[in-house]
Amino acid sequence: MMEINPCNSHVNGGSSIPSKVSRKTKPDDTIVDINGIKVGGSEIIVIAGPCAIESREQLFNTARSVKTGGAKILRGGAFKPRSSPYNFQGMGEEGLKLLDIIRKETGLPVVTEVMDTRQVELVSGYADMLQIGSRNMQNFPLLKEAGMCRKPILLKRGMMSTIEEFLLAAEYILNQGNDQIILCERGIRTFETSTRNTLDLSAVPMLKRLTHLPVIIDPSHGTGLRWMVPAMAKAAVAVGADGLIMEVHYKPEEALCDGQQSLNPDEFDRLMLDLKKIAQAVGREISLPAHPSV
Amino acid sequence: MMEINPCNSHVNGGSSIPSKVSRKTKPDDTIVDINGIKVGGSEIIVIAGPCAIESREQLFNTARSVKTGGAKILRGGAFKPRSSPYNFQGMGEEGLKLLDIIRKETGLPVVTEVMDTRQVELVSGYADMLQIGSRNMQNFPLLKEAGMCRKPILLKRGMMSTIEEFLLAAEYILNQGNDQIILCERGIRTFETSTRNTLDLSAVPMLKRLTHLPVIIDPSHGTGLRWMVPAMAKAAVAVGADGLIMEVHYKPEEALCDGQQSLNPDEFDRLMLDLKKIAQAVGREISLPAHPSV
Amino acid sequence: MMEINPCNSHVNGGSSIPSKVSRKTKPDDTIVDINGIKVGGSEIIVIAGPCAIESREQLFNTARSVKTGGAKILRGGAFKPRSSPYNFQGMGEEGLKLLDIIRKETGLPVVTEVMDTRQVELVSGYADMLQIGSRNMQNFPLLKEAGMCRKPILLKRGMMSTIEEFLLAAEYILNQGNDQIILCERGIRTFETSTRNTLDLSAVPMLKRLTHLPVIIDPSHGTGLRWMVPAMAKAAVAVGADGLIMEVHYKPEEALCDGQQSLNPDEFDRLMLDLKKIAQAVGREISLPAHPSV
Amino acid sequence: MMEINPCNSHVNGGSSIPSKVSRKTKPDDTIVDINGIKVGGSEIIVIAGPCAIESREQLFNTARSVKTGGAKILRGGAFKPRSSPYNFQGMGEEGLKLLDIIRKETGLPVVTEVMDTRQVELVSGYADMLQIGSRNMQNFPLLKEAGMCRKPILLKRGMMSTIEEFLLAAEYILNQGNDQIILCERGIRTFETSTRNTLDLSAVPMLKRLTHLPVIIDPSHGTGLRWMVPAMAKAAVAVGADGLIMEVHYKPEEALCDGQQSLNPDEFDRLMLDLKKIAQAVGREISLPAHPSV
């Protein structure tokens, strides 16, 4: 059913769940297939890579290392939403071309952000999955475009959005005929300032109850603190997330963006081994390459 | 100057002000000229009209009544950002054409929202000022397009955006060469649920200190409560706002959107008389038509 | 009536108003009488003085100057709630004795904070009104003690408390038989960090609608910024507050606490003249001494 | 070291850590000993029991069942902080006496809340650990009394208190000579309303890094939703908490308080088995009775 009064949706918080995303409409879990990698089944899928694509060397080295560590999908931003116009805005199409090359080399499907309705076609030509970032969660024309394209969508929760608004944003995409949507909790804005955002892990069981769509966690943006990412990633697996998206950089201290929240390859490798144990403890699995580097 | 670390901009809250919007760069107040109506000078300008354009009759009747009441600019949404895809999405270009007709009849300049980079040219052809709504405050491609068009921009603060992020969003527009920007505080999201949002009136003195751009208040979205709009509008004038934007509907009980926060024409007329007194008490002015209807 | 489920009171936000504080129970405004000074009538009452009593000289000089400026009640803390145990904790009973001396000299009733059930009797012996601070708004044993004492109570809203919880805290006092309660909004905690708190002026019309108790505003704690206090004080008068409580220090730069948000006597005098004009514009009044110092 | 400016502690968020609670002052973990039960070591300790003590039958049946399930400490409120004065306020000393009886029978140490400085001595006579609830986290006289008593203290984070304020509250206790303090994260207040509070699990790694005190999680108040408690309890163990405190009621549907967030004995038993597996996966342990009931 639909919300009666959208103006009060903040107050009603989750009480009304729109139709196509609702588990009542479709009780079975939706499995999202990103070029053969399935999200929403028993395996927990890890997406990793740099915040922004900065150079061929940076992207390729990072991509190879996250593959070795056990990532199943590569992330990397070509178009970057930045609070200030004077910050690095991404490599644009040149970055997309680099993604395409390393995708072929590693075999890892790639996900990258799209910020503008006019970019959807271009980005769809290179990426296996399109990311709609938290600042665009209520960019309704972009949601509609995403709903009309034939690629899976990684939809991040707005840092100021309720669970209900998050589901309604997904409904915009579903309503255009695209049901390949992964929901991602990435931290909400609260009064607390010791972390970049407050990672709302309760969003996982809440969303899993309300919708059939898979749910993943971004502990990198959710904390903003490299040393805290492993603890929150473990909690995310324990709480029932279907996957993780994490920032990894082969040299975090040289990153143009988000270096302070990016793991280095060694940290990533160790974390994957720890996550595998927790996945088993909760009846899920994480498959790692035969010879991990650690 | 630029922010050092955009990732921590939330924590640093307002400590770093970007260059072109800063009052340090330009100490004098910017006056924004919307087809002859000047915002940012001694006169307090009131923008009024319906949330959404619903019909010729609704728009025209409301427009005539707000002109009589003392509004200097007409508002009305043709493209509406709605939380749910199943809510009324606006009349689109047909609404813009209605705006154009009533603009000519009343002589009131019009402001209407633009949500998509692809709409900027179309909307610019009809409107005297473009509104960028709170959900798009960090839609950076849209901000850049707004910066390249030759129309004044009404930029609304995101409901969970800091003052610093708000100024950086304006900087995106200014950085493209458009300095005709009005900033609008419209309520932030907090834990309190008795009002739709929490109208942050302290944003007015804070912004007036940090930037040369004019600042207005939206008490309709800021409260979500029709009966509370007058009290908050008065406070906005007393606190130093350069203007107000308010929802007025000739029949609020029949509105397709936001009826519960829209004033009817009689309420609007009475409020304007009250606001005029407060404006005088703080050394500003509000000019009303010779024969107000109340 | 009572709330059905206190555990969900946050979500229900203001929908259920407890009985004795409700305007439905008692439609007429309650006038609180603090030793002859009446709060809740047509006159807007200003309470002023230092955050903490630091010395005889500091208290007496400040008290004399706020009286000259037009304050009707003197504030000053003897027992101070401080986030850190290593900060100045107040002068204790010695401070209360100083309050008593200056009260007799100036004729100004005094209000001071009580933090502990064991202090209620002691503080009641010196003060004309007891303040329960925001950190103790849900200190229920203290509320009950306040309800049993025969002094008016100045109850500050918790920085994390909803309007409904605020009213329920007042209900604790009323339920013990004390109806001499002034409610004070003093800023809530939000994500915004450019001000110390976010002063929620919409609390004034909301509370005035829901309860018969008078409502005042604390722009000093609400902003934390001395230069912003005048703007927010003006807005508070315009929005309908029955009074203001402000920090004034005869030498703010030497204050042991809250100096950065305290007005000096000249600033206070000028502000009172401005507030008088706004009070008149909204049909209220502020009476000033015959020969103000400015 | 101390905070420079307590008024800005919200903004500085965690940047300054007071001395006695700091891990810099004492690098080794503090182990809190509650009558032989050690919190802060390798074993994860579970505290369970009813929100409020309602009757002999309710307390005793619940206590026996949580012991069977693997709880090591019994919780139960005799003095209850309730938002409304018309809600059940607890059994008072009669409840304390029941706690004492069941403690002797089961051998489980008991923790119960103290709300008033005048109650500290009384409650200390019955309880093995005193709880200071979230509404009293900045009740400084109570913190000082707790610091002077010779019982371990369970200090809950205020629902809108920063990490820094939380540590400063603990510093009040430590500064009086009592270092037997357990910190408890129990959910913070945010804009999200689908859960009762937002459980901030990132507080665990943050606190463990900043202080030597043990940290536990309260998933019952943190979510307010019985069905969500198991998922968040699992996440708490994975994230590194030293323990959990959970509401269990032998008949949740008949509870006078918090029934909707209380587990029944069967749910508790199953959860303990699940938690044991996760504890092992993260290198910790949970010891269960030889013959669990499930």
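Which chain is which? They are A, B, C and D, in the order written, and residues in each are numbered from 1.
Rule of thumb we're sticking to: a contact is a pair of C-beta atoms (placed from the backbone, for glycine too) under 8 Å apart; a residue touches a chain by one contact, two chains touch by 3 or more.
The model shown is predicted, which means the values in this text are computed figures rather than measured ones.
Asker: For the copies chain A and chain D, give the interface type as same if over half of its residue numbers appear on both sides, and as different if under half do.
Answerer: Same residues, largely: of all residue numbers at this interface, over half are found in both copies.
Asker: Count the C-beta contact pairs for C-D and for A-C, then tell me which is higher.
Answerer: Output for the comparison: C-D.
Asker: Compare the CA centroid of chain B with every other chain's and tell me the farthest one.
Answerer: So the farthest one, by centre of C-alpha atoms, is D.
Asker: Please report how many Å separate the Cα centroid of chain A from that of chain C, as a whole number.
Answerer: Whole-Å distance between the two chain centres: 47.
Asker: Centroid of chain C to centroid of chain D, CA atoms only: how many Å?
Answerer: From the centre of chain C to the centre of chain D is 34 Å.
Asker: Scan chain A for residues touching two or more other chains and write them down.
Answerer: 10-11, 13, 160, 164, 189-191, 193
Asker: For chain D, which residues are in contact with chain B within the complex?
Answerer: Against chain B, chain D makes touches at 11, 13, 160, 189-191, 193.
Asker: What residues of chain D sit close enough to touch chain C in their complex?
Answerer: It is residues 2-3, 6-11, 18, 81-87, 115-119, 135-136, 138-142, 158-161, 164-165, 168, 171-172, 175, 189, 193, 196-197, 224, 257-258, 260-261 of chain D that touch chain C.
Asker: In their complex, what parts of chain A are in touch with chain D?
Answerer: Residues of chain A touching chain D: 10-14, 160, 162-164, 188, 190-195, 198-202, 204-206, 209, 222-223, 227-228, 231-232, 234-240, 274, 277-278, 280-282.
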